[in-house]
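Just below is one structure, and these are the notes that go with it.
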Amino acid sequence: MTNPNKKQSQIPEQRSQGRHLVFSHIRNNLQMARIDIANATGMSPATVTAITAELITAGLIEEVQRVVEPGQSKRGRPRVDLKLRGKAHIVVGMKVTAKLITAVVMDLEGNQLGKAQTTIPRRLLSREDLMKLIPELVAKAAQSANLDVSDLSAIGIGIPGTVKADTGFVDWCPLIEEQEFNLKHLLQEVLPMPCFIENDANAVAMAELWFGFGRDVPDFLVVTIEQGVGLGIVLGGKIFRGTQGFGAEFGHTKVQIEGALCRCGQRGCLEAYVADYALLREAELFSHWSDEPNTEQRLIQLYDSAKSGDLTAKSIFDRASRMFAMGLANLVNLFDPALVILAGEQMRFDYLYAQPVFDAVKESTIQRGHHAPEIRIHKWGDMMWAKGAAAYALEEVVGLSMDQLNNGETAT
Amino acid sequence: MTNPNKKQSQIPEQRSQGRHLVFSHIRNNLQMARIDIANATGMSPATVTAITAELITAGLIEEVQRVVEPGQSKRGRPRVDLKLRGKAHIVVGMKVTAKLITAVVMDLEGNQLGKAQTTIPRRLLSREDLMKLIPELVAKAAQSANLDVSDLSAIGIGIPGTVKADTGFVDWCPLIEEQEFNLKHLLQEVLPMPCFIENDANAVAMAELWFGFGRDVPDFLVVTIEQGVGLGIVLGGKIFRGTQGFGAEFGHTKVQIEGALCRCGQRGCLEAYVADYALLREAELFSHWSDEPNTEQRLIQLYDSAKSGDLTAKSIFDRASRMFAMGLANLVNLFDPALVILAGEQMRFDYLYAQPVFDAVKESTIQRGHHAPEIRIHKWGDMMWAKGAAAYALEEVVGLSMDQLNNGETAT
Amino acid sequence: MTNPNKKQSQIPEQRSQGRHLVFSHIRNNLQMARIDIANATGMSPATVTAITAELITAGLIEEVQRVVEPGQSKRGRPRVDLKLRGKAHIVVGMKVTAKLITAVVMDLEGNQLGKAQTTIPRRLLSREDLMKLIPELVAKAAQSANLDVSDLSAIGIGIPGTVKADTGFVDWCPLIEEQEFNLKHLLQEVLPMPCFIENDANAVAMAELWFGFGRDVPDFLVVTIEQGVGLGIVLGGKIFRGTQGFGAEFGHTKVQIEGALCRCGQRGCLEAYVADYALLREAELFSHWSDEPNTEQRLIQLYDSAKSGDLTAKSIFDRASRMFAMGLANLVNLFDPALVILAGEQMRFDYLYAQPVFDAVKESTIQRGHHAPEIRIHKWGDMMWAKGAAAYALEEVVGLSMDQLNNGETAT
Amino acid sequence: MTNPNKKQSQIPEQRSQGRHLVFSHIRNNLQMARIDIANATGMSPATVTAITAELITAGLIEEVQRVVEPGQSKRGRPRVDLKLRGKAHIVVGMKVTAKLITAVVMDLEGNQLGKAQTTIPRRLLSREDLMKLIPELVAKAAQSANLDVSDLSAIGIGIPGTVKADTGFVDWCPLIEEQEFNLKHLLQEVLPMPCFIENDANAVAMAELWFGFGRDVPDFLVVTIEQGVGLGIVLGGKIFRGTQGFGAEFGHTKVQIEGALCRCGQRGCLEAYVADYALLREAELFSHWSDEPNTEQRLIQLYDSAKSGDLTAKSIFDRASRMFAMGLANLVNLFDPALVILAGEQMRFDYLYAQPVFDAVKESTIQRGHHAPEIRIHKWGDMMWAKGAAAYALEEVVGLSMDQLNNGETAT
């Protein structure tokens, strides 16, 4: 949402908008000729030429010879495309979970250059832990990619909870002892490169926008279900965080009056029916199915039981499905998205990402036939969350590069 | 949502954006000096001067001497402010309800110049009825304002249901026999001025933006409860209709699995608990409280009974309140708005717009203390819906005037 | 429930118990030889002979030659059976509904000798109406059977609501204007024979006991669904009315917190989901399916729509089924009956009396495999309710005959 | 429920009924003169004299001089009352819980002579454990009362789950590894005196009947809430176990469709909202309030938190209260009892046994003003369950004594 009342200098903003537009077109299309950029954006070819020159100078994009496919005619001179310059920015993305911090090293083109992880030593992280573990993991991640820490342009960190992404202030995170502190400021004391903090589901939405199913879609929703229920809303190619920055609390929309108790202390939250803890809480009544101490493994066993026909296990997943469909339908009723992405690392509980749920969503939304949202399932593998944080870091560090271009221009 | 992929000509768009920005600043502030516009928008004084000259020439705004309040110093020359020029556009706004069509005549400054209404002759309107009744009502409304129909710039029509505002196509409207037809095209055959069709709740949101509590707020929600439950979402100063144009279906978000049956045929919709029909459906079990045939009057009697201590009547409103709070909390959890406006003509059922509901919303949203939305109640009086439609007509007709300016500019 | 503290004279009571035992054995077996009665009751043949002699003298039973089936040996003298003597008592049973009072004339053997009905002239009956309509209908019913009113031994009247069967006091009846009055006393002023008033569902249970599926079953439940939801509980061959006489309010057991509003003013009652009014209340949202003014006919049309695939109509019946299954399961969990009879006049809404409901009941009761109750459907045809009232009258009038025998005996 | 079809010899049965009647009158009144017994039962003084002579000979009752209160006149000869003879039968009552088996030694007058307990060595008891632990505990209990095991007339054992009390067959008990076996037969192999097995809530109801609030009330309900939710139904002075012996499953009546998962594998059971495990399951989401490993202690801490104003803890108890009220109201609607006893050892969670719950029950039952049940809270202290089992043993062993009298009589 751009605030029409915000003070702004018009000319630089226009140029800045143009640069972002060109950059995102190139990114979304992987590589693209100048004339196609002009056609797609409606800019004049001259403007496109000027902007791409700036971006090349800034090192963000580079020219590349288009490979002519066999059978294509090669009349005239070879076409030159533009693509992002991977080396322009190499970042580390991190995800903090209850037990681990995982990190991935990624370049501007989305290539994964390395990865690393570290175990969390206690139940809740202290701020001291964060100041120690994160720099260590940055070093370890850089090493895994045969890089120096000084080669890294930025760090992105995704955490569950409520985060002010613009300032790096953590309002509430279930994994950290202290609350209401500025994690970005803290980390900038011990890390030499810019740090960016974002809510983990928003970070995944950013990854969908940069590298995933949302690449050429201006508006879409990303839903994740693991420890909690996450939602990333992308409107107009931007993360929509709610008008005050704390929206998209999908996991805490209520699906039942006087309902199940949620970790947030309220009743009837969607999360209290579909998150990992909600499934396990019900399963724990029944001792026969597992002595497995690892909750991840217990969940997998529970799901296997359901698939093998255990009626109680099935009942647990069935109810979660129905509630999930109800919550998802509410999102569709409000946002009417063309695309909903259900993103996960393993998609182990495919009951939630299944046709009966999609059918129930359809039956619970105001239907005009032609506009049911496409629901796509994106199985990322084990680095989804960290890649999301990396995408967020790239988005921000490219923004900084653009700002420098603007400032340079203003200076002249 | 601006689509970054949309083809566009950059230079005219910038100028066009500038004009809209200046216009909306003047509108929101009622009257404003050029220098204050420059300060507020960040534009250069020269640009502001150029744009305001264009808008004056186009007749949309005019200069006005600022009245000096007693006691203020009058050093230097008198200040000149700019304000909208009321006569620039006079429009009729109409609301179609189950029994009536109401109309209001309004100028660009929001002054109400006249009003009229007509009774709907049967249970469901036919397309023929619309083509007959609406032009008649336009004439009647113009006459009430001592105007000719030819003095009117545009007609805005608000209807419940699902409408494609950009084309005037009605997907579904509970009050009309036929469905899926283009109401705008139909009316343009019998009316000489542009017609604009909008969902009624969106139209009310537009009225809040132009004349109401949303005047200086870029992002807010407007909720209405009468025949149904309406929601208008304003993001970045624009109506957000969902990414495919059919969102904001707040009345059909689900608050109860296996819940009450809604007019839409689905179960558990918020509307099925709080709309007029939902309240009356429960009350009709009890014959003792009313033989009143008019549903409006029955509702008022029911509410009076509740206030007088009738336990059953109270139970009807109490449950509606709880469900409304749950639905509203879900909106707040997703959109995190700074402002929610509860808008109504009579606000007769103040149980829904009352502190216990607001408290319940607060208890059902993820709270960080500092960001609870302000909830404001806007009691419009009897022309809210028609004024909303008028505001929508003004928004659109001003857009057309701006487009003419752009086209003129392109021509030079 | 017999109260062990009740003052009683032991010897007569024993003889009285013996008479009732012999009588009910003959009734349940239609006809029976003395020796078989002795075997079945454990009484000595001499006692059986003495008691049957008394009953024959009193005219309640009579001897009948047993028909020898072809192929059976006819050695020795022909067997003499005992059977009830139909003419011993001829009664009228009546059911009061919202629109009609129906009456049936029945003899002690359960033969239907005549029937009649009368229309209720206004929405609610007054006491004056009852005092006028009921005697008129008694006369009309007697005439239909070619009998004089003086041939009738008793009148039984079944009404919905809360009735003290032992005194004939009506605590609450939804069909009558006045409440809390003694209907029996009122009627005894205008009718020459004993009148007995009973809750209509209890009366149906009595009919099941005398003539229906409960004939040889000491403990069973009878459920009826029409205007409301009725329950008759038979324990030890007697109607169980709750320990204070107002139990068996099955229709007002709660199946949903904050649920649908019931005619009783409370929320979440089973009746508010499954009774006729509950189905119609939902259907009335949708005008397209019927303009039929008769509610009975509307319901039939609604059910036809559901069967023809109308999704909304189907949804109405589906939810009712689920709630009915839940309520029924609660009964089974508490009473663990061997037999549940679902009794109705038309059984038109067989969705409620269908396998999916029975399966859901089974899944919602504590199962030990061997004790799931048998659920039987009893389609009575159009005089079920009146026959119930007749059965109640027979039960009571036979009781009076027995008391006379006792008094005679005491006198000697 | 007496089965009217049951074969029986009439004369002895009458005498047997008379004996039970006299015995229960004496028990309920603690002590009583013969003439008062005759008045109360309606028997002739001669019959009472004959029966009391038999009971004195059998040692079940004894004469006692009535103490003349100061101020009472002492005209004529001193009054002789009859009372139970405590030494007639000394029994042990036992309750099996998840962690302990508790035992109490009690005489026929209800005097507690001793007590003992033993710890359960593992999570689930095996049949071998039972055969070893129970005899050991019998010996220990006898010793605590300075008695020999041979002084004991009978053992009563109360267990949760589904038990056929007449045969001692255990269908299902959550505390024992094996299911579907005859516990009575097993124990009779290792114990010299009669053993009686009963569902624990029924046993508590028996204690209310013998020694508690049900002493002079023919019909009442007893509700217990601890590990599960128990119900004992007393009708006509007898435990009503459902017509097939598995009723009174109050804890598994459903209060919510698609509700919380219960230990029984079904959803929406009352127990899944109010039993200890249900409260703890919700509390376990929140780590801050307790690290206490003992679940009993955790619950107490949780309750203390609620009372101190912790909103989450309060929410846990509040919802349980609402659901409990709903379940209780359903019982009242069906059984219309004059008396409901809420029985517990500690009544630690007095939120469930509190005025708001009683008010909600009243609001959810069909009210005719005059018949709301009395709800009484019975705080037994720590031996309630074992005393219940003892009461059951006394009931059964007295029955055996009576049978011997009958047999003796038949012999003559």
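In this document, chain identifiers A, B, C and D correspond to the written order of the chains, with residue numbering beginning at 1 in each.
Here, a residue touches a chain if its C-beta (ideal position, glycine included) is under 8 Å from a C-beta of that chain, and two chains touch if they have at least 3 such contacts.
Small disclaimer: the values here were computed from a predicted structure and weren't measured.
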| item | value |
| --- | --- |
| Chain pair showing more contacts of the two, A-C and A-D | A-D |
| From subunit C, the most remote chain by mean C-alpha position | A |
| Centroid distance [mean C-alpha coordinates] between subunit B and subunit A, Å | 35 |
| Subunit A and subunit C, separation of their C-alpha mean positions in angstrom | 66 |
| Between subunit D and subunit A, distance of the C-alpha-averaged centres to the nearest whole Å | 60 |
| For subunit B, residues contacting two or more additional chains | 257-258, 322 |
| Contact footprint of subunit D on subunit B as seen in their complex | 257-258 |
| Subunit C partner contacts - residues on subunit D that touch it in the complex | 1-10, 14, 18, 20-21, 24-25, 39-44, 47, 162, 171-172, 216, 218-220, 231, 235-237, 240-250, 252-257, 264, 266, 268, 322-323, 326, 329-331, 333-338, 363-366, 368, 371, 373 |
| Residues of subunit B defined as touching subunit C within the complex | 123, 258, 260-263, 265, 267, 277, 281-282, 284-287, 311-312, 315-316, 319, 322 |
